Amino acid sequence: MSAVSVSPLYLLDILILFWVMLGLAGLVLQRSKYVIAHVIFPLGALVSLLLAAVAFLSLGEAPVSLVLPFGLPDLPFHQRLDSLSSFFLILLGVATVGVSLFGSGYFRHMDGKTLGLLCLQYHLFLASMALVLLADDAYMFMVAWEAMALSSYFLVTTDHAIPDIRKAGYLYLLIAHVGAIAILLSFGVMQGGNGISAYTFDAMRGAHLASFWASAAFLMALFGFGAKAGLLPLHVWLPEAHPAAPSPVSALMSSVMLKTAIYGILRVTFDLLGTQLWWWGVLALTLGLMTAVFGVMFAAVQGDMKRLLAYSSIENIGLLLVGIGLTIIFHVYGKDALAALALTATLYHSLNHAMFKSLLFIGTGSILHATGERNMGRLGGLIHSMPWASVLMLVGVLAIAGVPPLNGFVSEWLLLQAFLLSPGLPNSYINMLVPVAAAVIALSAALAAYVMVKFYGVIFLGQRREKVLEHAHDAGRWERAGMLWLALACVGLGLAPVFVVGQIDHVTQMLVGTQLGNAATDWMFLSPVDTDRASYSPLYFLLAVLGVMGLTVLLVRRLYHGRMRRGPAWDCGYPAQNARMQDTAEGFGQPIRQIFEPFFKIEREVPSPFDTHPKYHGHTDDKLWFILYLPVKHLTEKLSAWASLMQHGRIHLYLTYTFATLVVLLIFV
Amino acid sequence: MIDLQLLALLLIPLFGSGMLAVFGSRPWAAELNSLMSGCTFVASVVLAMRVIDSGPQVAFNEQFFIDQFNVFLVALTAFVAFTTSLFSRPYMRIEQHHGKLSVSMLHLYYSMYQLFTFTMLVALTTNNMGILWVAMEAATLTTVLLVSLYRTPASLEAAWKYFILCGVGIALALFGTILLYFAAERVLGEGGTALLWTHLNQVKGELEPTVLKLAFIFLLVGYGTKIGLVPLHSWLPDAHAEGPTPVSAVLSGLLLNVALCAVMRSKVLVDGSLGTHFAGNLMMGFGLLSVVVAALFLSRQKDIKRMFAYSSIEHMGLITFAFGMGGPVATFAAMLHMTVHSLTKSAIFFAVGHAVQKAGTQQMENIRGLLQVSPTVGWGLALGTFAILGMPPFGVFASEFLIITTAMHEYPWTTPVLLIALGIAFASIFGKMQPIVFGETTVKPLPHPPALIPVFVHLLLVLMLGLYMPPYLADWYRQAAALLG
Amino acid sequence: MTQVPFTLQFINLLAALLLLIVFAMLAQRRILSLINLFALQGFVLALSTFVVAYTTRQHHLYYSAALTLLLKVLVLPLLLHRLIRRLNVRWDVETLINIPTTMLVGIALVIFAFNLAAPISQLAQGITRGLIGIALASVLLSLLMMLTRRKAISQVVAFLSLENGLFFAATSATQGMPLVVELGIALDVLVATFIFGIFFFQIRETFDSLDISHMEKLKDD
Amino acid sequence: MMLTPEQTLAVVFQITQLLLVVLAAPLLSGWVSQCQAWLQNRSGAGVLQPYRVLHKLFHKDAVMAHNASWLFRITPYIVFGCMWLAAAIIPIIAVDLPFSQAADVIALVGVFALARMFIALAAMDIGTSFGTLGARREMLVSFLAEPALLMVLFTASMISHSTQLPRIVEALAHHQFVLYPSLAFAALAFVIVLLAENARVPVDNPSTHLELTMIHEAMILEYSARHLALIEWASSLKLFAYISIGIALFLPHGIAEVGNWPVLPLAIGLLMLKLMAAGAGLAVLETLMAKMRIFRAPEFLGTAFLLAVLGLLIHFLLGA
């Protein structure tokens, strides 16, 4: 293709460099907030768009690679652009267009110094994420990976005056670092041949590992990337860090950064490791299921809107991992068509999640702007004062709840199809596992709907729980643009699945060696395997619903005389109803808390009926924190207390150490 | 010619210390100090160029020997000494302003600073194991005076411990040297040449293994005390915490390297003579132990300088481990780590120094929210900390990456230990550093403007080494690594 | 010839004497006599150096013998005497662990050192057979002495006797290091002692005692 | 595009069913309540009562709370549309419905979910405590009922290797009376789901407004006139849809083949019988059982969920 005769990698690198430049420019131009907000961020969005475009053009082309003259002397930076990385680059680009547009409106109100720094960190964050996707050797990957962690850490701790936010940042970076260590170990296991040049991905592809070492590498990678993705039980940082960050940053972290972890798992499992074992898939599947249910359960009981979204991200990561697990199982048992189906579902879902989750997060951002309130218990009735935000958010909510004809449903549909087609695996245990897994998926999807009704209903509907909410203003121009972009993406992904799947086919072709294709001749019908088995056409669906609705409206107009008046809400004979009597978020989550009681660590004080000033306080905690994390902490503390006895301050003791060392060495020679 | 250059390198600091012994109490003593260090640095660069061009050479009838390995350390030492002198100019002024230092103390400080540089350069460049010992002892003596500069009980105690422990250590090293000589004279005959490293290196195959084993143990324990290898490290945190900050910077940035260089010299001989990996294994063992124990120590520290002293122990352990592993990549990595550690650690100490001066205490719980009062110090400290913790894209990560990957290939079982230790260290230091840099503040502004150019110069260099290593530098390291094998 | 030459016997005698003196120092409670013993040790050292110089006809060894005599027998003891007079610390030094135990440990050390040095002694040609062992023993004993002393001065004396042991190894065992080295070593020892002196006064004026147990503030916990 | 005769026929079928269900749905719910009346020896209001109610509601003036937003107003149409569609794509008379190409069983469940979300949101829109209470309970019931329904459908589609209702029905209708143990479990689960989803005793009671127990009624408390009419109509459509799903899954026999005119009347007659039987059965169930506490409901539905999963597992085990 002559249009991109110059290797697309050059273009991508230039674009990434441009991001960095923008960041630096922001740092320099601290004085003029206007420029940063209304020039730099939109330019960043433009760069994202171009990035996505380039990646899209090179999707399905032959992989191109490039060696940059940086990095270690014997291990310069290797870069490679293949379908997998292009796909995730598209994801990155499309999502960040919206977020950056939103950001230019959102960050407007910060003070210059913070804004300048934030602009730098933000664009470094974008650049490092893109580089992670392009890296083709362990060193560059690690550098980009940790740079991503570091920049996002600084973003998370933007308003570091608040101790909780510092705590969140600490937890985040610590777990990220531990994860990075695990990833490094897994690369070390996978290294091909000896010498430092064995750390290029090509060498790793070449290395054929014994199944034991391959498993070790896979487990390490799963641990490391899982730590970044918020996989159970490494998720504890996520609900702390995502809410702490400014909303656009939360959006990026939830929607894109977590996907880089998914990318890593896919890259290691299907690309770097030549062979897979069936139990990897089972492990991933089970972990994924646990994560999904756990996440959505905790989302249901949250009172803080951003924490709620963070937990829902955990749920979605769980679903993605389920998809990966299925893919591995099918691939191992040679059912590549099914593997392709499961993988398609996974990739599709990560694309969808990127879109609606960032939409929702930036939506909470503009709510924060309008009201300065994150606690859903103090919101409500915003649909009247924030029409734009409410409509766009509704799209996001319906999408994430997985109802047709929006995008969330498509990936869910594909995933369930993968389950339905799965019987006939040689291993009967896995055969038993499959329906249970399907059931759990269905359950968590239904719970997600519950959560989202709570989210939207408590925030936007009902009466205003606080007086101040009357003055809440709608999202500004830029914010609106960003949200609109993402909402459109959701709708588009929902309505044109055939096209999207066609694109994803390139990736599945690369990873599992087959592609889904589309059995239906008609571009309107998505049918993964065969039209008789299953088919779904969102467009017809939409048309039908609209048609029927239109018909209804017409009939009603015809039959009905159309008189309507406003009156007070019916108070059931109890006149003194006020806004505080609506369900709060806690109230809405209460049934879930009651049903899944054993999973939560609940502490609450309920007032007695005779309290003059009754005060209810309830708090649900994550048991895993107490079961898994605190013991480790205490162990280290004990060890170090033990060690520090050594440094006792008495010089005789120190001399004795020298003496003893000497004697011991002399004896053992 | 080489004699001249070497002479320049050695005489400038000596002359400088003489000058400062005379003029040390003048107001411009600080500038003179920096000037001298600057000249030393220039001289070292000239020498380095020369050596890179025309390989290893000896000077002053073989009493001095310069190869890529020690000339790289010479350049590094001179550079850090120079930047430290730049930093110490305002720092010491502020100390004086706070009334911690009298003019006479400053006088002592400046002259001793130059003398210390001199001793280190001698120790690095000498070819004679005996003179090496003498220089090390002299370095100890000068630094003892520097550590006890404040004359506070704490500083006195620290200096005393430092003195006694390193004195004993050094004495043991002398015994090792004597044993070496004992073994050598039977091959090289009596008299001068029997202690010259170059000659020993040629005949190392014939040296008596049993004696050399014994000798190496003494040398390792002796110089290891100065490197700060666990369990010989006890003096190090005290000395770093109680001495003036510039001294802490040069101590952990330079002196430790010099001692390590001495150990390396002996290692080359011993392993050459034994034909086994005896010395290497010992060094690996000590290195691993140091990394683990230091990491455990970190999490309980309350004094900020003490904490970074322990982190120096940890990194020295890592470097020793790498040198112990041997092989081109590991040695390369070790030297790279030496470089980045010196640069980063001294940069951190610079920033810490000003932070401490602002807060008026070394207790970490009283230093808060640096970013609010002086963002430069805050960012310097934050970035330096992340760099020393091995966060990419800083150079420390590059060397750690090389070390760990090599270890995975050579000694897989060590890597989990190392990585866990590094993780613990990360958790501890990062956890302590975050509230110091971020959050609400308690600290107050300074009488004199702080000198932070050195901090950011160092950090930029480290950053560059992480992302891009100039080819000639890489070749230089490679040659040096080849020398050490 | 089987008959051992007189000089060698003499050197061995001196070596034995050296070891004996170290033991005596280890057992010694009074600081004053500790210093005297140190001076005596220096004298023995000088003598042995002289003999070695005579037997091996190495002239620079005469210098170092003279140097030793000057430094270890005259200068340092005098310095120390003046110090303890100025600081009037002539009282007893009490040991941390009681003397018989120290002695037993010391003997164990000596045996250990001899066994360690045995293979080396086989290699040693000429007069130096077995001297390495004694040198090593005295080094270890002096180290032990440093461990057991609580007063700053006695610790320093122990340190100096350690240096003596080394010096003995240097001169007698390996018939003398090159002169440059010995000069350097001597210089360092001298400077070290001066610095010690300065320290004594500073410690004295800050802790108004030379008891090291005052200096246990810097620690982790 | 040009339609072949079969396709035109299919379209005709589709449209007839569309009209038929929307007209027949109230009749079914009327029939159910009439049966209940008989069982409780009341003389009921007659089978046509629902039509009268709708007629009445369509002639009233609508009252809407001050706080109601656009979402509140569009919801009835969406709900009605969804239910109508759902009822229309289930093959009850004939197998080949062109539209069921576009939406298979999973999509069908999706349609129900869509309607449910909107009605729950609308209930929260006014901001009375009842509305939110109803919404919460509705979602609570559904988050267990929906996966159970999905599992039931999965069992069927596993047997018939398809997720498209027509294919399922074909497959089940043509194996003459093969006994599927898995389907037995599924049927049991399905009945529970049907009761729960259509706000029937023991989970809910459509005929009372008792605060402590009501779910569905609590949600639609604020609706009046035409909106209420649409909602009522929608719920009767929902009932119709569920029952016909049940029929399609568990006794599809006698359904008309593709483009097979002569059996059509027979098929319709059969369908009538089936529907009447099902309605009567429902009435019997409701009369026999007692309303349970709201927090027993999750356990009840949990049982359904477990039964459904069990059915699926059994299918995996026995392949039947």
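As written, the chain order gives the labels A, B, C and D, with residue 1 at the start of each chain.
Throughout what follows, a residue touches a chain if its C-beta (ideal position, glycine included) is under 8 Å from a C-beta of that chain, and two chains touch if they have at least 3 such contacts.
Quick caveat: nothing in here was measured; it's all calculated off a predicted structure.
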> A-C or B-C: which has the larger count of contacting C-beta pairs?
Replying inline: B-C
> For chain C, which other chain has the most distant CA centre?
Replying inline: D
> Looking at mean CA positions, which chain is nearest the middle of everything shown?
Replying inline: A
> CA centre of chain A versus CA centre of chain C: separation in Å?
Replying inline: 71
> How many Å are there between the centre of chain B and the centre of chain C, using C-alpha atoms for each centre?
Replying inline: 31
> At what distance in angstrom does the C-alpha mean of chain B lie from that of chain A?
Replying inline: 44
> Which integer distance in Å separates the CA centroid of chain A from that of chain D?
Replying inline: 36
> Considering chain B alone, which of its residues make contact with at least two other chains?
Replying inline: 160-161, 164, 168, 172, 214, 237, 297, 300
> Could you say which residues in chain C touch two or more other chains, in rising order?
Replying inline: 116, 143, 146, 212, 215, 217-218, 220-221
>> On the basis of the stated criterion, which chains touch which? Give every pair.
In response: A-B, A-C, A-D, B-C
>> Under the stated contact criterion, what part of chain D meets chain A in this complex?
In response: 58-59, 61-71, 77-78, 80-82, 84-85, 88, 99, 101-104, 106-107, 110-111, 113-114, 116-117, 120-121, 124-133, 135-137, 139-140, 142-144, 146-147, 150-151, 154, 157-158, 161-164, 167, 211, 221-222, 225-226, 230, 295, 298, 305, 308-309, 312-313, 315-317
>> Can you tell me which positions in chain A touch chain C when the two form their complex?
In response: 641, 644-645, 647-652, 655-656, 658-659, 662-663, 666-667
> Quick one: in the complex, what on chain B touches chain C?
Replying inline: 63, 128, 130-131, 133-134, 137-138, 141, 144-145, 148, 151-154, 156-161, 163-164, 167-168, 171-172, 174-175, 178-179, 181-182, 185-186, 190-192, 194-195, 208, 210-211, 214, 237-238, 241-242, 297, 300-301, 306
> Can you list the residues on chain A that touch chain D in the complex?
Replying inline: 380-381, 383-384, 394, 398, 401-404, 409, 412-413, 416-417, 419-420, 423, 431-432, 434-436, 438-439, 442-443, 445-447, 449-450, 452-454, 456-458, 461-463, 525, 531-537, 540-541, 544-545, 548-549, 552-553, 556, 559-561, 563-572, 577, 579, 581-583, 587-588, 591-592, 594-595
> Residues of chain C touching chain A in their complex?
Replying inline: 96, 112, 116, 140, 143-144, 146-148, 150, 212-213, 215-221
